[in-house]
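So that you can tell them apart, the chains are marked A, B, C and D in the order they are listed, and the count of residues begins at 1 in each.
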Amino acid sequence: MSEALRALQQRLAAFAAARDWEQFHSPKNLAMALSAEVGELVEEFQWLTELESRELDAERRERVRLELADVFIYLLRLADRLDVDLLRAADDKIALNERKYPAERVRGDSRKYTEYD
Amino acid sequence: MSEALRALQQRLAAFAAARDWEQFHSPKNLAMALSAEVGELVEEFQWLTELESRELDAERRERVRLELADVFIYLLRLADRLDVDLLRAADDKIALNERKYPAERVRGDSRKYTEYD
Amino acid sequence: MSEALRALQQRLAAFAAARDWEQFHSPKNLAMALSAEVGELVEEFQWLTELESRELDAERRERVRLELADVFIYLLRLADRLDVDLLRAADDKIALNERKYPAERVRGDSRKYTEYD
Amino acid sequence: MSEALRALQQRLAAFAAARDWEQFHSPKNLAMALSAEVGELVEEFQWLTELESRELDAERRERVRLELADVFIYLLRLADRLDVDLLRAADDKIALNERKYPAERVRGDSRKYTEYD
């Protein structure tokens, strides 16, 4: 894990400990909190066209930025609770995906992309 | 952004570019993909007690680890597409939360925790 | 509640009872299961354009149909467990929405639609 | 489809038409809206124990009731747009589940329940 991520996880752990909230932070509950935050993120995009979603106005962009932060915070907290190294997990998953979706086989093919994903 | 996160985002961008998949990676679509991955994570925990969720067996733990990776990957990709620095956004959000939930006011109070969150 | 919905809820209750699964069907757990099923539904649409989502091929349409069924099943089960009459709740919510979004004020205005929703 | 559900779908279609909102109601967008509403539902339960989720206080119960209504509304709207009969789809899915999880084989077995679900 990078030092920056580790430092952030420690700050989040201290935030929870100072409020005696660790009792609520079971992995089950944190997975739910993560899911609720992603729901708020999705809500920002649900009525936008894809094009509009690429060109957010300043106000929505800032709301989205803070929703991304909420998702990141609960993801880090959950990973910490389960003692999972997110960077290593991502590396392992990308390696799996590289074998699963060879570039020459799936290039630009949305149908295949959809089916394989 | 930390160098490790930036490097991971570049690797993900290259992965998408090599497959000509950038056309599918609008923020709207990536928010949906993030949401679907969180659904798979939630599924792992839905019938477990909180206690069981703290003590995963090896097989489920590995599945959860790779689901966390998927969530992380789409979160990084979405942040990259929106040019959001996740570490800075998390710092900003934690500062907001520290003002919103002063430790001495909400300590150990699940009712307040629930209402305020 | 309509007789058809009530009959379906009773069939689902009997299904769970025959398997001694009621112990797992707390409202908390059912909300998670509902969320996971919606994740599978979202996955079917995540890389499609809006236009493509209006014209599903037969194979995807059948998968979507069964995902909608899963969402409906957990929604009915959760409502049953909480003793909520879904038809009455929907009537009440639509009445609230009619006051919140008067037709003459929000007509065809996606910006307002987005902000108000 | 039961008459009550069909009537509710027609009321929702009229509500959207009166506001010229049909343009936003692609199946893709409605799946996102459904997902966001389920996120709000999950948020109500995320810090509760399973036991607490079975015994909601009056205030939370009413919020949950209206969240269930929102989920139901978007589910009906999406099914309408895709011309899916939800009652028939649920019947078909339950029949599939009865073959997949024979009562005598999975009774009271949370491990199997979890794996098979």
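Just so it is clear, a contact is a pair of C-beta atoms (placed from the backbone, for glycine too) under 8 Å apart; a residue touches a chain by one contact, two chains touch by 3 or more.
Quantities reported herein were computed from a predicted structural model and do not represent experimental measurements.
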| item | value |
| --- | --- |
| Turn needed to bring subunit A onto subunit B - CA fit, degrees, nearest 5 | 180 |
| Where subunit C and subunit D are represented by their mean Cα positions, the distance between them in whole Å | 2 |
| Whole-Å separation of chain centres (CA-atom averages), subunit A against subunit D | 24 |
| Where subunit C touches two or more other chains at once, by residue number | 24, 28-29, 31-33, 35, 38-39, 42-43, 45-50, 110, 113, 117 |
| Pairwise touch network: line, ring, star, complete, or other | complete |
| Subunit A contact footprint on subunit D (complex, rising order) | 24, 29, 32-33, 35-40, 42-43, 45-47 |
| Subunit C residues touching subunit A - in the complex, by the definition given at the top | 28, 31-32, 35, 43, 46-50, 110, 113-114, 117 |
| Residues of subunit D touching subunit C in the complex | 2-5, 8, 11-12, 15, 18-21, 23-24, 26-29, 31-35, 38-39, 41-42, 44-45, 48-51, 53-54, 56, 61, 64-66, 68-73, 75-76, 78-79, 81-82, 84, 86-87, 89-94, 96-98, 101, 103, 106-108, 110, 113, 117 |
